[in-house]
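Chain IDs A, B, C and D follow the sequence of writing; residue 1 opens each chain.
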Amino acid sequence: MENAFLQDWGITLMVFVPLVGAVIMMLLPSEQEENHKTIALGTSLITAAIGFWLVIDFYNLGSETWSDLHYVVDRNWIDIVNARYLVGIDGISAPLIALTLLVVPLVIIYSWNHIPEPGNAKAFLILILVLHTGMLGSFVAQDLVLFFVFFEVVLLPMYFMIGVWGGENRLYAAIKFFLFTLFGSALMLVSFLALYWVTGSTTFSMEGLAQEVASRDIGSQTQWLIFGGMFMGFGIKVPMFPFHTWLPDAHTQAPTQGSVILAAVLLKLGTYGFVRIALPILPDAAIDWAPIIGGLAVAGIIYGALGCLAQTDMKRLIAFSSVAHMGYVMLGIATMTDFGINAAIFGMVAHGLITGMLFFIAGSVKERYHTLEIKRLGGLLVQAPHLGWILGFCVMASLGLPGLAGFWGEFPAILAAYEPAAGINQTLFRVYMVIAAIGTVLAAAYLLWLLQRTAFGTPSEEFEDDPHIHDVVLTEWIAWIPLLILIVLFGFVPGIIFNLTDPAVSAFLPGGTP
Amino acid sequence: MIGANLLGSSFGGVLAQIEQTPFVRPHIDWHAVAPELVLLAGGALVTVVDVIGLEKVRRIIPSLTSLVFLAAFVPVLTLWNQQGDLPRVMWDGAYVVDNYSLVLKGLFLLSGYVIVLLSTNYMLEGDYYDSEYYQLISASVLGMLVMTSARDLVSIFVAIELVSIPAYLMAAWRKRDLKSNEAGLKYMLMGVFASALLLYGMSLLYGMAASTKLTDIAAALSIGESKPIFTLAIVFTVVGFGFKVSAVPFHTWAPDTYEGAPTPLTAFLAVASKAAGFVALLNVVIIGFPGQADVVEPLMWVLAAATMTVGNLIAIRQTNIVRMLAYSGVAQAGYMLAPLAVFGDRPGQATSAVVTYLVIYAAMNLGAFAVVIIAARKTGSGEISSYGGLFNYAPGLTVAMTLFLFSLAGIPPVGGWYAKFEIFRVLTDGGSGAGVSLAIIAAVNSVFAAFYYLAILKQMWFMPAPDGDHSRISIPPSLQAALGVTVFVTIVTGSVLIGPLSDITKLADLALP
Amino acid sequence: MFLNQFLFLAAILFCIGVYGVLTRKNGVLVLMSIELILNAVNINLVAFGSFNQDIAGQVFALFIIAVAAAEVGVGLAIVLLIYRNRRSIDVSEADLLQG
Amino acid sequence: MTTFLPLLATESPVAVPGIFEIVWIVPAIMAASFVAILLFSKRLSIPAHWIGIPAIMASFLFALAIAGNWIAYVGDVADSHDSGGEALAFVDGDPELAAASADDEHGKSIGVSCLTDDANHADDGHSDEESLAPAALGFVEEGEAPHVSPCPVVTQVTWFENGGSAASGGSDIQVGTMVDGQSVMLLVVVTFISMLVHIFSTDYVAGDRRYTHYFAFLSLFTASMLFFVLSSSTLQMIVGWELVGVCSFALIGHWWEDKPNSDAALKAFLTNRVGDIGLLIGMIILYFAAGRTFDIRAINEAAVTGAISQNTLMVAALCLLAAVMSKSGQFILHTWLPDAMAGPTPVSALIHAATMVVAGVYLIGRLYPVFYVGFDIEGSTINPLALVGGITCVGGGMLAFVQRDIKKVLAYSTVSQLGYMVLALGVGAYTAGMFHLFTHAIFKACLFLGAGSVSHACHHSFDMKADMGGLKQYMPKTFWTFVIASGALAGIPPLAGFWSKDEILVGAGVWPGTGGNGTYYLPFLFGMLTAAMTAAYMTRVIWLTFFGRYRGHAHPHESGNRITVPLIILAVGAVFAGFLNVPKVLPVLGSRIGLWFEEMVEPAGIATFPVIDHGKPSFSLAIVATLLALGAATLVYVYYKRLYAKDAMATDYTDSFVAKNRFIRAGHTLLVEKYYLDHLYTGTIAGSTKGWMAQAAYWFNQNVLDGFIDRVGSGTTATGRFIYKYIDQGAIDGAVNGSGLGASQSGEILRKVQSGRVRQYASLMFGAATVLAAVFIIAV
């Protein structure tokens, strides 16, 4: 049984504690930087404490109940549209919530001595906390309107993070990010409403809508269109090829912390939306869309990799690699099989950890060298051996080395493509499988190339005697070690996530294992 | 033209009729008109105090006026509290106090209160007559209160003129400023002209229905077919209100007047006066024209689509923030007009959508103007470029403005999204082609709108201060209060209080016969 | 008497008024043209009221006369203000505010 | 047709040694060692080898214990079969049925299923039932004592669940260990060689910049390799496969300050990745074909029993072959292996000669039924496996001739020998392939370490012509061990390589009277050719390095004990390892030892392995092959002796193409030195191969293959750049930016309407009202 306190208050507290912290910080003058950092970290740790208590309590409920929603709170919210404050956790959201709970405190720790230009720790940390609420809220929301609201809450702080604390081209990137995402969410909202009207539903709850769709005879054309709207909304967030162009700019220009959060959590909102909303509610349309999604996914894999090969900037390369990695996630989703979707969720977590780490490293490199231009770097291993080895490790993880977390997002997705769910063109998906497998080679190529150019070799004359270049410092260690450990842990014990997600995934798939 | 075979009767007959009917004082529900009376008395009090005290009382006049508004709010609450007695009907249905009118009365009183807060320092620090200004505001708000209850062409007309005429004067308040003069002139000329057109339409309506009461007009128009004269009457009437709500192509006065008029008055025009126009439009359309939905709906569709599109497109090119807000207000009016394009099937829903929008729009737009007024205290400029670096020296103000702009752009969790959501809901409900197409136009427009809101955000957050001056802005208490109220309302209407808000604005009662 | 005749008269007055509003540059004349439209309205109302045996039309007309007086009063005040500052009452010269 | 006999051997239970369930400890020790070195070595100033060497020694001892247990276990199972098994071979006591099944077509039955019992294994680790041997019985071949093997002993736990737990119809993905002959064999080989390399390295890389890292990665590599070797599922194999790859990457690039080293590392990793596409897809195909399982036994059994169609198996096998080609350096994916010599020499010995590169061969053996059935090895004359192996062994051998870098010669030799192993498996000579893997590991490690020792003495140069020569007298221990190992490699009896090579040639089934699975003419020819070439190029290496006069500028000296002792141990191994598997017809040894290795390693009588034929040894073949090798060696020896007689200090007696051209232009004068060289070349097999053929092959290798890969690499990058520049930043972005611009411009046009003139405003208002009224009057 769920802990009674958690049942009533767990999720709500977890979601809104960061906001309370943000309000407290607002009331303090911005000169007290240390206090702000302490409050922000404290808040995120309290949130993490509540959240992990929830997740652990959830874990202890036993695998047979992981497919159900737990800690459900169902309160009136906007009666007039039947939107409710309906939140809960199940096996699909639990890993992502845990990921968010982990990443945010680490980002705040990293911020301790890495507040990007132009400073103002207060505002920066407040934004992170607001983001925290938005992200957690999105993962727990079980009502489409509530989901939409949280989904949008995430948009603003990130916009400002990029725009205020970003790189040289931050304005362009911020606005591009904003417009793209806004466009996507507008279409998404339209589909939500369409779904609501078409089914004649009296609820916006995801579960309720899924039942409505299943019990009514809704034209396949209509379903297809509604799914299309969601596809655009989530697809832009993922981002899927060819809607990805905002991502490299946003990632590149964002401050390190922003990039990390963006990569680790925000992109997951899109894929999570597919798994949580689009697929369970409109399974038939999903089958129809699968070839398109799969096709764009593998296109993204190859395209992202080619894009990476053309990059001269380290951070931009990492950003582009996200396109490829999310391609695997989407391929897994497109197969509509348990293996594929489990892989997709694993891929989300793994990508969050690994690419998050890579962005941390890029940030630290930038801080030391004041440039991320690959051809000016080199010899990182000589000047900052630990940083170099960590980069090597993350590169290996990112290219999907078995034994590290990245592999479990890729291989099962490729495997699932061999035999997608009934009703999906098998031959086509086998072609996708081969292309996706070729993508792993390209991934290795660009990542190792990156490693070779930055870490190996000897430092260029420019930086040879630069006293600023130092090895990993304490706050970096604290922020990174948990991520590094988890990358290895999930690599060798993938069951931690797979077993958690599997019951929930199997539960919504049509007919379980195809 | 009405059939030529109809013979007019002599004036004598009419007079005879009057003589035959002894005058009976109509029943007056004093409680029901208490808000208006309190405001009237308060306005008179302000005048008297001003006349007696002159310079000595100059500083207390704003406070006094705001107290008057709050005092008038009390009977609104008591009326709301006695839900059982609603609707309170007077003068044979010409004057009705129901939930709809109470919500709007509350809105107007609070908007008036905030406007007074916004005006206080502006008027004190400028070289203007200020006491009269507050008396005029009281008068204008009184007109608005009347408007909410007016269910008769005459009272609607009187109310709308009561709203407008003081506003003409206030627009030209800075009397040695050519721009202010021009603002007043344009507003006045266009307003009077629009009133004339409106009246012409009204006179035709009266001719059709032989009554000035909206319910009678509705009955006369509900003959199942459309006559050219109906259409003419409807179009001219709508043009008159279209002017007040600054619908395209009757919006032309708005940007010029907004820019030239004193900024607090601009806020007043953009929010309260526009809302009054919408109230009038709602009253007439929802109650009076349901029988002619075939004409009114397409008309509204065209106006809504044109208004939101043109407003947004021009707003993109603006460099002056007040002008931009003016055009943004035009676009916002387009969203508010949209539900009327599908009002025929679900008048109640359309009404509550518009009212919801009005409430949230009032909060966010007044807030935005508050920021503009505050910022102008330092920069002395209305150019968007002067907002550069605001985040560096006034972070709180920047965040507040950000909230307002996001709300205007319709991004959760601040209020605006819910307002838009309601509009979309009305439009897509039932899935009629007209509704859905308008919803799509509205959605596309939302993206356009983001462009210019972002332009302001960009200046505030990302750009350096143009003159490098990073001294702090001092915000006087009255403006702080205004900002606080609007921020609070903007936030809660989009998040925690959506439920109560939707309960309050679930106002189907206007649509009831 | 025929209603049509009154309506026709009103329509003519309306058109003259509109023409005046649209073509006159002189602010006072514009206001006067508007008065013409209002008078057209008044004729309409009274005619309809009489035709329909209803008093409201005449009452409405009285209200219009009163309100029109206020409007014109305010209007003239503003025109005067313009004249003071610009030494001209040509409304088409007032184009500081545009775009 | 083969049929399946559902035989259960519960009557004569043989207890499974408990140690088989804890073999995971072996890789775990090495993994712990890796972590410990990484964490503590620098911080606590413990020399890395103080952690690494005890760990690897413990692993080795453990591996020996396992091997001992396995040997005993095989014996027990065989005994139990001998005592009571035969009756059981006949279902329901009906001898005719068994006879019939034994007779049909090839006279073979499939053997006992290994799956049923091991279900118990997974469920419950300690019940009595579980420890019953799946003592297998089954196939009886006329006239031969039945060779019966135990089933692989599998211990696994659920790694993760998919589609619900196995109980509810989903598939559990298992991870665990699989102990059988093949894995035990490699377990011993890996720990043994690794141990020697550890010891060798303490001297060889002493004082290196990254001594700690070096040992850490040695540990990690060993752990990964053992993890791979002990895999019980194909998924686990993929994990191990890639982990060894990454260790190889790290160790090739050990001196990453120099770009060529990191280039080599990248090349190795990327080439392997290309092969990995095949690995992934092949494993995926097998996963689905075998009914959603990664279990190696299940896949093998499905392949053997015909549950998977031959076509599917062929596709899967072809995919896996790509993986084998990259990892085990088969043509055309071998090019990374010579470059991999950029790493420290002990690493070359351990990873790029003895262990990791045989992973591909091991993979074939692990999934032998897939290849055997998929490629239809039985009764055929050629198949992809044998062909690839054949081309590789000849091609690699030829290339070895033109190298002047001693490690490169050995690298190409490794390529060639790996080809030999693949060839062996391709012709159906499973045991021969595995045995060659075993012996090769020992003598090739010895050769590499020997080369390391030589280079250690010569200022870390590997150039045989410029910096070596005459080292015989300076470093006798190195010399003798090197010669012994070379002899083993060249297949000179009675050294180890002779026995394994001989079995492969026998297995090809071409030589009269050998039998075998088919008649593989071409592979046989390649095999014979390679035998001769191997002897020739090894003689060249020995001559250039140890004979003649010292041509370098250092002061060569014998290496220390930590280097020579491992060499000696390996040399001893190179002498005696071959006796583990000798033809039974051989006097003395034949009856004492006989096919001991085969019995221990090759499964028989169980359904996870195909029933294969064994060739009969032939003295004549052995003699011919040996003479061929000796002849080639002698020719080369004589040639070099004469060549260097002219000028013992010449560092550049070129074997090059240019020299050959000059010979052609100048005419047939035997007295001119270079003439003499070319004449000798043309006059011998070695010469001709060393001439244009090898050069052409090398040119092809360096220019066409490498060039192709370079071209592909630069081509892809260019494509990427193009797409990025024009499509990504141009079209897609452009569309988005364009729509914004469009909106903005239309705003500008509309703005003109706002002229500021009130009369125009009024006109607009009235005009609009009129138009609207007109439109609606007409339209409605």
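To be clear about the criterion, a contact is a pair of C-beta atoms (placed from the backbone, for glycine too) under 8 Å apart; a residue touches a chain by one contact, two chains touch by 3 or more.
Being a predicted model, the structure only gives us computed values, none of them experimental.
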Winner on C-beta contact pairs when A-B is weighed against B-C: B-C
Inter-chain centre distance, chain A versus chain B - centres from mean C-alpha coordinates, in Å: 44
For chain B paired with chain C, centre-to-centre distance based on mean C-alpha positions, whole Å: 24
Chain A and chain D: spacing of chain centres that average the CA atoms, whole Å: 38
Inter-centroid spacing, chain C versus chain A (mean Cα positions, whole Å): 65
Residue list for chain A, restricted to those that touch at least two other chains: 179
Numbers and ranges of chain C residues touching at least 2 other chains: 21, 91, 94-99
Residue list for chain B, restricted to those that touch at least two other chains: 185-186, 189, 193, 197, 255-256, 317, 451
Chains touching one another, given as label pairs in label order: A-B, A-D, B-C, B-D, C-D
In the complex with chain C, residue positions of chain D that touch it: 751, 754-759, 762-763, 766
Of all residues in chain C, those that touch chain D in their complex: 18, 21-23, 25, 91-92, 94-99
Complex contact set, residues of chain C against chain B: 1-4, 6-7, 10, 14, 17, 21, 27, 30-31, 34, 37-38, 40-41, 44-45, 47-60, 63-64, 67, 70-71, 74-75, 77-79, 81-82, 85-86, 91, 94-99
List of chain B residues in touch with chain A within their complex: 352, 391-392, 395, 402, 406, 409, 411-413, 417-418, 421, 424-425, 428-431, 439-440, 443, 446-447, 450-451, 454, 457-458, 461-462, 495, 498-499, 502-503, 506
In the complex, chain D residues that touch chain A: 158-165, 169-171, 173, 224, 235, 238-243, 246, 249-250, 253, 256-259, 262-263, 265-266, 269-270, 273-274, 276-277, 280-281, 284-285, 287-288, 713, 716-717, 719-721, 723-725, 728-729, 732-733, 736, 740
